[in-house]
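In what comes next, chain A is part of two complexes: it sits with chain B in the first one and with chain C in the second one.
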Partner chain A sequence: MAGKHVWQRRTTTRQLLIWFGWLLLVAIFVACWMYISNRTEWFFVYDAPRIAGDIFSRATPPRWSYIEKLWEPLWDTLNVATIGTALSLIFAIPVAFLAAKNTTPSVTFVRPIALFLIVSSRSINSLIWALLLVAIIGPGILAGTIAIALRSIGFCAKLLYEAIEEINTTQVEAISATGARQSQVISYGILPQIMPALAGITVFRWDINIRESTVLGLVGAGGIGLQLQSSLNILAWPQVALILLVIFIAVIVSEWISAMVRKAII
Partner chain B sequence: MLRITNLSKRYKTGDDALKGVSLEVPDGQVLGLIGPSGAGKSTLIRCVNRLVEPTTGTIDLNGAQLQRLGSRKLRKARRRIGMIFQEYALVERLTVMENVLSGRLGYVGFWASWFRKFPQDDINEAFRLLERVGLDHMVNKRADELSGGQRQRVGIARALIQNPELLLVDEPTASLDPKTSRQIMRLICELCEERNLSAIVNIHDVALAQLFVQRIVGLQDGKIVFDGPPDSLDSAVLTQIYGEEDWEATTIDDTQTDKHSLELSGE
Partner chain C sequence: MSDAQVVRHWRKPPTIERAWLRYGLLLLTLVYLYFSVGSYDVNWARVAEGLDRGWAFIKAFANPDFVSRRSDFIEGMTESIIMTVTSTVVGIIISIPIALGAASNLAPLPVYLFCRAIIALSRALHEIIVAILMVAIFGFGPLAGFITLSFATIGFLSKLLAEDIESMDKAQAEAVKATGASWLQWINYAVQPQVMPRLIGLSMYRLDINFRESAVLGLVGAGGIGATLNTAFDRYEFDTAAAIIISIIVIVMVLEYSSSLIRGWVQ
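Showing the complex of A and B:
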């Protein structure tokens, strides 16, 4: 044994605990699987491939002529996403400054309020915001736009305040040391540092909002989802196929645009 | 004239960074502050413009009691104190010109600075200073495109456009190569002489300090342990400041050749 050093990454007890943890995870997974399986009508599931094939054959070819009726809702959808994103930024930027530890006026009072706003905006899906807003201000694209904006405030503010907290503080010190007022310290010392993050967050959220706004029509908040729902209701599968195709293309284009913008700015 | 009396700083962590420092810097004097890491050099100069709040003591700059000022008056006082940083502390995504002009922020309103509408006099002065530090061809370059030495020159121009009464310089050469270090130190000292400007220069490099400054103050564990002309630094003094070590190669003493030849070789 002389001169031979034994090295282990973990102690034996620790190793056993980790194995036990994995065992527990597998057991929970199997239990859940059984629970779901017992409550499923397998009769319908066995049938699924045939039904899916049936729907697919009814849906092809897409009804191309229906595109004429899709241009306007598609335009609405784009507007809901774009205006919603812009609207959310107007609120998200101040909220982010209030929430960031290094810029908030008060860590004990203001910061918790800002964080609460962020969490409440983020915890509610835009579809649910739209459902509420359709009830409050009636159906249409205004409800959709506000739903998108409300959901995006939390998302943008959270990512932005994290960016603010990560800035280089000596650059801020240098601006303060010249005798600049607080508003100038923000505009010269902080804003240039978070611009790439702000631009990235904006196009990222815009890209997500295009996808989200395509389904808002399902609850009556305007856009292409409205056409999707009415086509589904009358089982017009060729129309559904065309709408899904259009959404697919719109999302690809938006992703391409946001990738281009991010590349240009950063 | 800057007069610091009995200055102490205790951080929230309980560390005593400064323990009753008293120091007078007459107009036009360039003072080199040396000492080991953690001796309180940075804290001392940051207490002067109150980027760090001193715990006790007084700081008197040409009759103004800096430690007493409220936030509005402190801003006014800061306009007359230029600061140069170790890592340059330029706003990386702004241009050279914007960085230099940011030294005038204390004199222009928010919207004027937002739209970059600085007074013509400030712009003329910025061009003049950039020419003086040798960067007049880089006015519209972004700060992050410059080399270390060039960035520090922008930092110097930003401090000088404030038309300061005092310059606080925190390790100006710590991130630079030996030749650029000398050029930067020479530039700072020349500009101070041109403007009869006093400066406190924190510096690690003892030999570099000896070459350029008129007076050296040694700080050790928050207290001043040496104050004298550069050529009175010897092994005994350095041992007192930094601790036991073989100091023969570090200092420039009388047995070496005259300073001028060394100074020239840096060019």
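Showing the complex of A and C:
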């Protein structure tokens, strides 16, 4: 064997570096786990299977008659998601045009601002937006709708500006060669190309927003989450079970609709 | 008169070609808008009253207060970051076998259906709802948040990874199989190298999502910065709330930037 090189995928140094990286990762994980472990009442955790069984036996069967009171919150939830998505588009489309490299009026000034708007809208969860809006304009579905809209602006604008950057430039050049104004170039050269992407993004976000708006009620921003909160507060587990079931079905149905629409467009 | 007939105007073709579908959708939208906007019951007096408060909040961003709730702030942020890291790691470890089971070209049908059911369940339940249940079962604290985020990571990562495995290059897989490799060797030498870049990219992206989610889990008592944020809003301490929100934005920006660096490096 001596003097004979056995094939290796990586050099020894590289192998060591990778090994060291893994070691570091494991060390960080263990340190983090110790922190969580210290803050956990393990006595409760050992008891968890019994508690889970207990909650499950209390929650079944769901209180089916409670569905009467859920239709209106469900309608509110649908409206919060739909109107919220529509509102967000009104802002997301201009922001996307300002953020895309090929349509922005100024790469050095306007684009960073648009990108910052997108990042800040995306970093903040819709529940935090809702919390903020409930504090400002009071509880209700208006706060929920605006929260959904604010959170969706970043998401839609990000996907849309990426779509704008990928458009076919020959069509745009052809339109501008006819002497079209910038606004005409956008409406005849760019918009038709991004329409399918826009529709796809909208339906995709709508589907996510249905899921998000089911919980906005927890902070007082309307919808079915409000019923969930009040049922939880009085520990009415059969009602909680029914609400969770309704939310589950609503989310599955909206995901199905969104998948169908996207399939039809693309 | 005959001249006028020759001169025709070109009109932009409509996005939806079928006229009945176009006008039908328009009508449906209008009817829906009428009923949905009608169901909004807005207390405009309360909104007007709140505008001052909204302005106060925007002004608070000019001088955020990191100091007066310093200990709560640091503790909440540390807890959020720690929950993010642990749950992402555990979520990835669990989601790899589930992704293998949920890929239709690898798994037998019963395993496939079982794994897909886990994914569907995890994706349909919002993190907050899972967190409420976990707090009820495991008690208050970061453990509930950690379990919630791990569970959410499984649905996200397994689904996208399974899709990537399903669209992998068959030739490489067959070549490795033809050498007489065992199933584990086959996964390790044929499948894993093909999906690794995507797995790393998705993991980084999920790290970012988990941090954003960890910021709200505190609302239901599952640990993290959310509890501090909620208290700040309840007491109308907008300067503290602004400080927390700014920190969240900065951390998300750093995560997003580093994840794009790592993705560029891997691919």
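By definition in this document, the second predicted complex is superposed on the first by the 256 of 266 C-alpha atoms of A that agree within 3 Å, B and C clash if a C-alpha of one lies under 4 Å from a C-alpha of the other, contacts with A are read in each partner's own complex, and residues count from 1 in each chain.
In the analysis below, a residue touches a chain if its C-beta (ideal position, glycine included) is under 8 Å from a C-beta of that chain, and two chains touch if they have at least 3 such contacts.
Just so it is clear, the model here is predicted, and its values are computed rather than measured.
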item: Residue contacts on chain A - larger count, chain B or chain C; value: C
item: Which superposed partner A:Arg39 touches (first chain B, second chain C, both, neither); value: second
item: Chain B versus chain C as contact partner of A:Ile28, first or second or both or neither; value: second
item: Touching partner for A:Ser183 - first (chain B), second (chain C), both, neither; value: first
item: Which superposed partner A:Leu87 touches (first chain B, second chain C, both, neither); value: neither
item: Which of chain B and chain C A:Met195 touches, first, second, both or neither; value: both
item: Partner chain in contact with A:Thr170 - chain B first, chain C second, else both or neither; value: first
item: Partner chain(s) touched by A:Ile67 [first = chain B, second = chain C, both, neither]; value: neither
item: Touching partner for A:Val261 - first (chain B), second (chain C), both, neither; value: neither
item: Doubly contacted chain A residues - partners chain C and chain B; value: 188, 192, 195
item: Contact footprint of chain A on chain B as seen in their complex; value: 49, 51, 75-81, 83, 85, 87, 89-94, 98, 102-106, 110, 113-114, 155, 158, 162, 168
item: Footprint of chain B on chain A - complex, ascending; value: 168, 170-171, 173-181, 183-184, 187-189, 192-193, 195-196
item: Residues of chain A defined as touching chain C within the complex; value: 25, 28-29, 32-33, 35-36, 39-41, 44-45, 48, 51-52, 55, 75-76, 78-79, 82-83, 119-120, 122-125, 127-128, 131-132, 135-138, 140-142, 145, 188, 192, 195, 211-212, 214-215, 218-219, 228, 232, 244, 247-248, 251-252, 255
item: Contact footprint of chain A on chain C as seen in their complex; value: 12, 15, 32, 36-37, 39-43, 46-47, 50-51, 53-54, 57, 78-79, 82-83, 85-86, 89, 120, 124-126, 128-129, 132-133, 136-139, 141-143, 146, 212-213, 215-216, 219-220, 223, 226, 229-230, 233-234, 236, 241, 245, 248-249, 252-253, 256
